[in-house]
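Two complexes follow with chain A in common, the first pairing it with chain B and the second with chain C.
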Partner chain A sequence: MSSDLADGAPPRRSSVVRDLGAAGIDLFVGARALYGVFVQTLYYVARGRRERGATVRQMHAIGNQSLFFVSITMGFIGMILVYQSGLQIKRVIPDFSLLGATYLELLVRDLAASLGGLMLATRVGAGIAAEIGSMVVTEQIDALRMCAADPIDFLVVPRFLASLTMTVVLIVWAGTVAFATGAITAEVAFDVPLRTFCNMSLIDWGDVLTGLAKCFAYGAAIPIVSGYCGLSTFGGSEGVGWATTRAVVNSSLAIIILNAIISTASLLVFGAT
Partner chain B sequence: MPAPAADVPRGAPDGGGAGGSPLGAAAASTGAAFIAIAHTAGGMGVLFGQVVRRLFAWPPVLDYPELRRNLYKMAVKSLPIVIVTALFTGVITVIQAAPIIKRYGAEGLLGWGAGFATLREVAPLLTALMISGRVGANNTAELGTMLVTEQIDALRALAIDPLSFLVLPRFIAIVVTLFTMTLYADALALFGAAYSGLALLQIEPVSFYNGVTGGLITLGDVANGLIKSIVFGLVIALSSCHFGMSTTGGAPGVGKSVNATVVASAAGIFVLDYFVSFILG
Partner chain C sequence: MSEERSIEVKVGALILVSLAVLGAFVLVMGGLSFEKTYPVYVDFDNPGGLLSGAAVRIGGVKVGSVKELQFMGGKVDPKSGRRVLVRAQLAIQKRVEDSIHSDADFFVTAEGVLGEQFLAINPGSPDKPLLDEGAEVKGIDPPRLDLFLAKAYELLDTTVEGIKNNREALGDIINNTAGLLKGLNFIVSGNRERIERTIANVEDITVEAKQLTHDARVNYVDNPKILQTVDHINDLVARIHEDSGPMLKDAREALANLNRVSTTVGDPQEQEKIRKAIADIAQLAERANATAADAQTIVMHIKSGKGTVGALVMDEEIYDDMQEMVRDLKHNPWKFLWRE
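Let's turn to the complex of A and B:
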């Protein structure tokens, strides 16, 4: 599509109702297709043939190769969060004794999973969509179908299983890194001793379960959403770029929405303790 | 003149030279990673210098129709996801603040707590991440596609400088987009927080707004978030234009470029967030 240089001009006239209706129908169709991919993935996880080593290779690609990126971003996030909340506390009560406990609770319940999940959506989601999208435009997926191999069974299922396990592992690691850099920041910037900061008294089972539920939900959502975006690629190179963009945006949105749902559910189930 | 960024080979130089022992291999891969990072940073620095020079060139070389098209495509078209993200962000902030509020019985402080976190950190950061995904990645894909389909070479053949015609307008459009979207996100996240506070904690929106405007949050906090959004905009613009203009290798190359852009933007955003927070105090 060489109209890249020319398109994007504002449409002359559009009716709000028509636009809303079109957006609604798009959303519905997309959601149904996504649900289809999800159900097929679950079906093949239970029933499909397993190619030996594929899941392990994906675990390496998703887990090990994201380790550096996740450590860097979550390390800085830990420093920022403690620094900002320290500033916030300083304005009302100059008492830092519960800073560490509260930070640790928030980290376990939400921040490690959600911020780590957003990072993985960026890194892993874009990777999956770019890879599968390239396979689509170079007709490798058609070749797979010719060999009677369902691309969902062959490509999405290993990524799904790998992402499910590695997301949990990476998020536990991300939380550890964020806590460690946070503890150092508290020590350096606000003179909070390490012993005071490492206070686990506020963490209960509700927090741990909420955090784990988020890990699993994000780990499942990222490969499904980006695999779907990759498989629905069309056109040439701009199609691949477009699919990758959609994968990042949609998996990030999925994480934010899942976060709101799981957090609300946990607030209702475990109460505001 | 040729865009130098386009000539820079991307990724790690073919490592493994130190083969043999696992220690040597580890050292080689670490070194290759550092060289690759230095390569990227250098390419971005050169690109930034060229863009700034064209920004202040006289007579002006900026293509206004292209700027307007990009502003429409980047800013106006991103509104829906910014709205959704900001509203959900507000809800999540309140849910996470709820236990602390309940513990201290400090219902009046919800507006202050959520407002402080939202304005200074959460809204600029999450908006930047979403815009990096939507706009930055899209921009890379577009520039990369033009490059691999030789449209950029065609521009050069017509004596049109691709940096003035394509990169400069996109650069300005991305920074402006992120700044305005952060303004929207600030307002909408506070709105979402106020009404989820009513729904979940039975705190009246009036007392929420009193907390926001009660004097504990100053204009400085708002400005802090907005300055951050400009920095993040520069990061996204630089990395997306750099990786877009250095795409090689057809359709898979475009996918790889987009992937590299979102990873570099996210890492850059978090690293600079820390330094900007620290400098602005």
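Let's turn to the complex of A and C:
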């Protein structure tokens, strides 16, 4: 894009077709670069030399330091979801016997992973992109390259491994918190007993496996997308800001798209139960 | 270094908590059992909203799942001889195999009003044999609300049409009914006393009938005499029963004799002999009759004193002469040899 405004080149007329073409090429180049980062990450996971303790530090940063944020947001989301769905149920059929069962199925299959993933995308994705982006603008990445150290191996891989593990851990925790706050809301707002609410009758293997698959997919997607956004930072501090924004937007987008893909696959494999 | 260790501990603790929650969830869920299952096939005409993967429950407890829903297209199943449209393959846990009997009911029902549909099993009566592995049974189709609504709509439509088209006739019927009720009301209110009297009479009759029934019961049902009579009849019947054996034996013998006689008599030669004997007897009687008549004539002659015997029997003079002659011969025996 910046090349369009290069000195000496006559300003061309902007047209819809040109904009569309430019966006398409950008998307293609971006997707290819992202794929490159993903493949390199996998390669270094298998073959790379890791700094001792880097992964654990990242796990602490991604997992433990997100715990409070994830607990608070998912707790409130659980309360809101149960309260709003309870109000709708009350309007249609005042029978709350399956409120807990359907809510739990929804949490296990989708909401815990997707909402938790989105929360992590905002917090973890922004953190990774800002950190790597500022290293890019301060030329630390170039220094790394000069030391014959690949920034993907040194920066992205520990975050990838940490995110993969801690996303699963955090989403399990987030689901538990959301269910607990939902159960309390149901008891307080609609007099649904805890025993009735804690109904696992609608959950099967398909739900659990779908939920876990989403956890791993989001855990892998967030550091890759954010790392790519951080590595492709240009300019100064403004570029870091842009990289952070792009990391959050693209990570969230990746989560939504992966959700659609995994849900469809789950429907095909396990059927509509 | 110690800071790093503290980070490691925190991370480890979080992972442990998360794993514990996940493990507890899987355990509590319980549905993730690796128990052995056995197949049962349930045939439906329309299984409603039942989907593959749906739960199979006995008394609300999950005991398996619907493995597959297969469209059979109404083909006749050679094993059961039934036309099958949809066949559900159930995977039922082995542990409940001893509870499902051959008369078990398989029906589709839902959890809650609009809940997910599942297949419920009524296990059947314990005195029936157990359902075999791989058995093919007929399921009870869920109630078709759509069909019910369609029929109800049709019924309502027909009713409304009928009312519209027969407005006058219906009006007449209503008027007539009203008139009838009015008349009935008039009759009832005008004859209240008589109706009350009739009811009182009916009540009396009921009381009397009750009394009558009671008396009849006392006199003819619970009466000891009748019981005694019945006992006597019982004894009599018992005796007859005792005697009937020998009597029947005698009767059988007599009948056998009779049979023998009739067999003998029934022979054509014997019959001919008997007929001849009867004819001879008749002839003999005829002759005896004639002889008797002759004898009677002779006796008549004798009585009338005719002939030698008559004179001898009936004439006193000859008797005297004979007496004289005998006496004379006694005194003079020589007169036999010599005549004076």
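We take it that the second predicted complex is superposed on the first by the 259 of 273 C-alpha atoms of A that agree within 3 Å, B and C clash if a C-alpha of one lies under 4 Å from a C-alpha of the other, contacts with A are read in each partner's own complex, and residues count from 1 in each chain.
Methods note: a contact is a pair of C-beta atoms (placed from the backbone, for glycine too) under 8 Å apart; a residue touches a chain by one contact, two chains touch by 3 or more.
Please read all numbers here as calculations on a predicted model, not as lab measurements.
Within the superposed three-chain model, A:P193 lies out of touch with both chain B and chain C [touch as defined at top].
Once chain A of one complex is fitted onto chain A of the other, the partner contacts of A:W205 are limited to chain C, with no touch recorded for chain B.
In the superposition on chain A, contact of A:S134 is made with chain B only, not with chain C.
Once chain A of one complex is fitted onto chain A of the other, the partner contacts of A:L67 are limited to chain C, with no touch recorded for chain B. When the two complexes are overlaid on their common chain A, residue A:M59 makes contact with chain C while staying clear of chain B. In the superposed model, A:D95 lies in contact with chain C only, and not with chain B.
By the touch criterion stated above, A:V172 is placed in contact with chain C alone, chain B being left untouched. The partner that reaches more residues of chain A, of the two candidates chain B and chain C, is B. In the superposition on the C-alpha atoms of chain A, the part of chain A touched by chain B in one complex and by chain C in the other spans residues 272-273.
Only residues 2, 4-5, 7-10, 23, 68-69, 72-73, 76-77, 79-81, 83-84, 87-88, 91-92, 102, 105-106, 109-110, 114, 118-119, 122-123, 126-127, 129-131, 133-134, 137-138, 236-245, 248-249, 252-253, 256-257, 259-260, 263-264, 267, 272-273 of chain A touch chain B when the two sit together in their complex. Listed in rising order, the residues of chain B touching chain A in the complex are 33, 69-70, 72-73, 76, 80-81, 84-85, 88-89, 91-92, 95-96, 98-102, 109, 113, 116-117, 120-121, 126, 129-130, 132-134, 137-138, 140-142, 144-146, 148-149, 151, 200-201, 216, 250-259, 262-263, 266-267, 270-271, 273-274, 277-278, 281. Note for the complex: chain A touches chain C at residues 53, 56-57, 59-60, 63-64, 67, 93, 95, 97-98, 101, 165-166, 168-170, 172-173, 176, 200-206, 208, 270-273.
Residues of chain C touching chain A in their complex: 4, 7-8, 10-11, 14-15, 17-19, 21-22, 26, 28-32, 51-55, 62, 65, 111-116.
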